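Naming follows writing order (A, B, C, D, E and F), and every chain is counted from residue 1.
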């Protein structure tokens, strides 16, 4: 048995059900996060490199070392159509681990985007390519290729646990991770939630107060809320 | 007398004079901040969720607890046309206290926007609605409804003291708070300042140096500035 | 000999060769940074105030004190066509040291933009003017004119050493400083690098893996990479 | 009426009742904060310069400008025995506004300590003097004396509103502000709370669980808590 | 199957082998982290509340919500002698989730300390009790008891994945997590490493250079290092 | 001519005059910084690993890459009695580049301490050794030895330019860099300043106000200060 997972590339991973991924792609990150019970969200430091960036796909995970993007190239070979690369680093580091060349390679493999708890560069090119990237920083600083990390091991990325094959969804509200095993259940819950929201939105737009729509007046009074003039 | 203001909703607040608010709405935050003597500015961590977001209105203040947006719904009922919701939190927290449903409700009440020392979500929808929000973070994370805060008490929001009825103005340069009692005086001062700026801009564009336009050469020499070759 | 350089304005500085500056202007910051051997990059906290901001020119350096922009006006007189103002501060400070009036003055002098380890304001106007600014913050807070700093002395700006006359290049990936003495050498290296990138991009787009294109399989195996199923 | 309070020194302020201050000095910051209803706490960025620093006294407020400590000297004259200087700044700034000379002067006036949303220096001397200081930073950087701030106006310090005469209490857990008008009420509540804590501590030390002592099992079950094996 | 783990308390967890825990307790965090292959380290933001704090034990994991410490009391019941409580939060939050009363209760259960990606209070008391706590912040701010989190589910704490029963070791260098399954293997590797270090230390103290002791001169020359005068 | 300085070790550097270093060692960082005209200070993020750490010596500079401490070993050979190692990194990185083994080696060479814009580990050992270290972070994370940086080139460390041979002084107030060429001049100015401070301290302790001692009342009145009751 291994003490750790460094220097390992797992080739066969179980990806989340395609239908579930497709269904999840219809919903926003906030809706999915609610549907899942408010877990699985990455830190707010992870932001899209352009406001309209959106992605939904199955995770190929990457563990990097600071200042070293060697594993990005190793990961490229493991990417399949519909995958999203999800990269963590063994230490806080904002170097530019990824740019337009790697994006070109990833896209050629069918990958849909990148989530990285680190920096990226060539942002003008990535935006022109409409290649969605969610990162902690933008940095022109390049990286070396000297140390082994791993591909397709369980990682922690920006505070969220990610297993290879999980569904990752990113939009302007952030990035959420849905475990493969519950992907369809979450998608169903998101659908149900979204349906409810439409009705609520109409009522609120018509001037109905949330206080009444959610029956909050009683609980608020019970909690001791006082109205004064 | 109360030891604190938690669990209170003040219904009748004195809003700043409408004419003063209208006049302030013609000027940018930087101009108003100068006109007021360089006080009242919120921290630079408060940013618009889309670059063109602008707002100017009278404050309905909200004090939240971390991870809890119950008071947002209580505040909705207190909002009147021309108001801007201004929300602080009893601890640093980036949760998504506000989204498109609350924005729909706030707008239905006539509210013009939101300033929050916390996080918001549904940013794509809020942007599409052109509902101006100035926040510390964007976060998909939802909140609970369990603890009483207050509405329309004096608060500290992002380093600035805000009283209900004060004028709050936000644009891409930040957010400034103008006490209701001095709103017209500040608006007048802003107008005067703006007038001066037009003339200055023309001179500078024509190549006149600030050194000469502001008569700085004497003071600089007196302060000991040395030119070397 | 002076103990320090405060209160000094150096009028005659040696600017980098114009042909080198022009050639460098054709390349992005990431490419130039690589071409120079991965040194000279400013911290990632320095960001363009609008995404398409780009600048390449010779540095006129400015050392400011917190909350004081007097030296900006002194610097204006030293700016020549093709220059970029590069401003550092003796302490971390996000005040709005620069706005549309100074931008008007700088442009009238032929300056191409501003890099500042501090804050700026009037961002809507600066964007409308298409005046590229790279800053640490956006702040409406104005500054006073009371203390002498210096102009055209060696400074440290956002972690990078800048000498007057050096070439500074900024785009969405960040800001890099190229010493005047090596400007053409770096430009040549950037050109060579860019040429190589085109070919690489085509191969990667065609599905060739970086693993093969860069002959990484051998070194990875030697380093101990293990593939598992 | 004034538009703002800059350049003002208020000489006669109403200090909190001495008996209330004395009583509050017996309790820790956490206890007082609870007793007051969990408001009035400064941000966690404010830390004692040495772990055993403790202070409790009436606030003389100071509004500083970045890089300028002129008002510290103005404030010294307003300090009376039992006072604590509380200094805010119009912008985020970590300069060393205060050192052993000012501490010597403040102590000669009878002041008990300093709370500052900024930096201080001469920390070894201040520690040797056992002069309690709570600050955002330690910085050797000195400041100038060029711009008017104010003394004894309402300020916002590290996120907390402070009025001159309020009680400020600092210890290793942070700094809390108790409005003068409720000082005795809060002191009484703190005393009551402290009494309860002693009994609770004994029970918990004896192995009684909070679950039982606070009767939480019912509410937890009602909220849906599930025990699994 | 559950979509998420909220509202769950797992009573029977498999704790790491006692002998392995005891052996790990002999080594420092840096040594263990090296022995494990440089994975499992929490972020550097987690610091001991007093410099000499040290802890080594088996993890009882806790997932909290911002501003809510209800699960701390639920967790107390699950603590056994030799355990260390490890608490994460669903959002960044520095509230004081833990103080001397809970420490008294935890200690009565045999727990050895607390690791928390949040804030704590009563630091003077905790220090006097010599109860080791590693936290992100110190904050006097209390918390409510309103929302269900979970106990003994897999969590991410300060960037590290922690499973109930894992060994957590904390000292002044930080906090590291050793999976239960590899605890003895890591302890053995740490022991071996420590042995080697003693010999190295003697050589270095005698003036032998690392360049020679580690045979680095050849590789450095091969990498292109140039010595100039 | 070289485009950059990577992969270079300069063996013969001009160290600051020993008498000047000795004289500077008598003064604190705040005094020296004032004496030099308030330049040369490192960022406040650089802190001593134990409060009483103090160092004053001549700089041997080191440029590191993130996650790589190879150059530390190269630098050891260049250290001479009275030197202080000063290490910068090409990107923000908090890894533990330095521990007790390197400290043992550095001390064997006669080095007096380390200043590093990065992380260190083995802090308990370093403290027991009384080896003064000033760093940005404490981290147990080890580093690799794969990439060439440089030794004894000009660097920027925590915002300050450092040339090999400069005097670096660190104490609890921070770290300041004195260029070798002005070391004695700064030491003389510091001595003069210190002398003045003694007299001032006595006056202030006797109750004389800074307002009077520094003749500030006139300038304050002229600036418009108003006293109100």
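The working rule: a contact is a pair of C-beta atoms (placed from the backbone, for glycine too) under 8 Å apart; a residue touches a chain by one contact, two chains touch by 3 or more.
Here the structure is a predicted model, which means the values were calculated and not measured.
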>> So if I look at the partners of chain A and the partners of chain E, which chains show up in both lists?
In response: B, F
>> Given that chain E and chain F are copies of one sequence and touch, is their interface built from the same residue numbers on both sides (over half shared) or different ones?
In response: different
>> Using Cα averages as centroids, what's the distance between chain C and chain D in whole Å?
In response: 42
>> Centroid of chain A to centroid of chain C, CA atoms only: how many Å?
In response: 31
> Roughly how far is chain C from chain F, going centre to centre by Cα mean, in whole Å?
Replying inline: 27
> What are the residue numbers in chain A that touch two or more other chains?
Replying inline: 38, 41, 44, 90, 92, 94, 139, 141, 147
> Are the chains arranged, by touching, as a line, ring, star, complete graph, or other?
Replying inline: other
> Which chain pairs here would you call touching?
Replying inline: A-B, A-C, A-E, A-F, B-C, B-D, B-E, C-D, C-F, D-E, D-F, E-F
>> Give the list of chain A residues in touch with chain B in this complex.
In response: 28-30, 33-34, 38, 41, 44, 47, 51, 171-174, 176, 197, 200-201, 204-207, 209-211, 214, 216, 219-220, 223-229
>> Considering only the defined contacts, which chain B positions touch chain E in the complex?
In response: 65-68, 90-95, 139, 141, 144, 146-147
>> Show me the residue ranges of chain B that touch chain D in the complex, using the header's touch definition.
In response: 1-6, 36-41, 43-44, 90, 92, 154, 156, 159-161, 181-182, 185-186, 189
>> With touch defined as at the start, can you tell me which chain F residues reach chain E in the complex?
In response: 7-12, 50, 70, 72-74, 76-77, 94, 96, 99-102, 104-105, 107-109, 119, 121-124, 127, 137-142, 145, 147-148
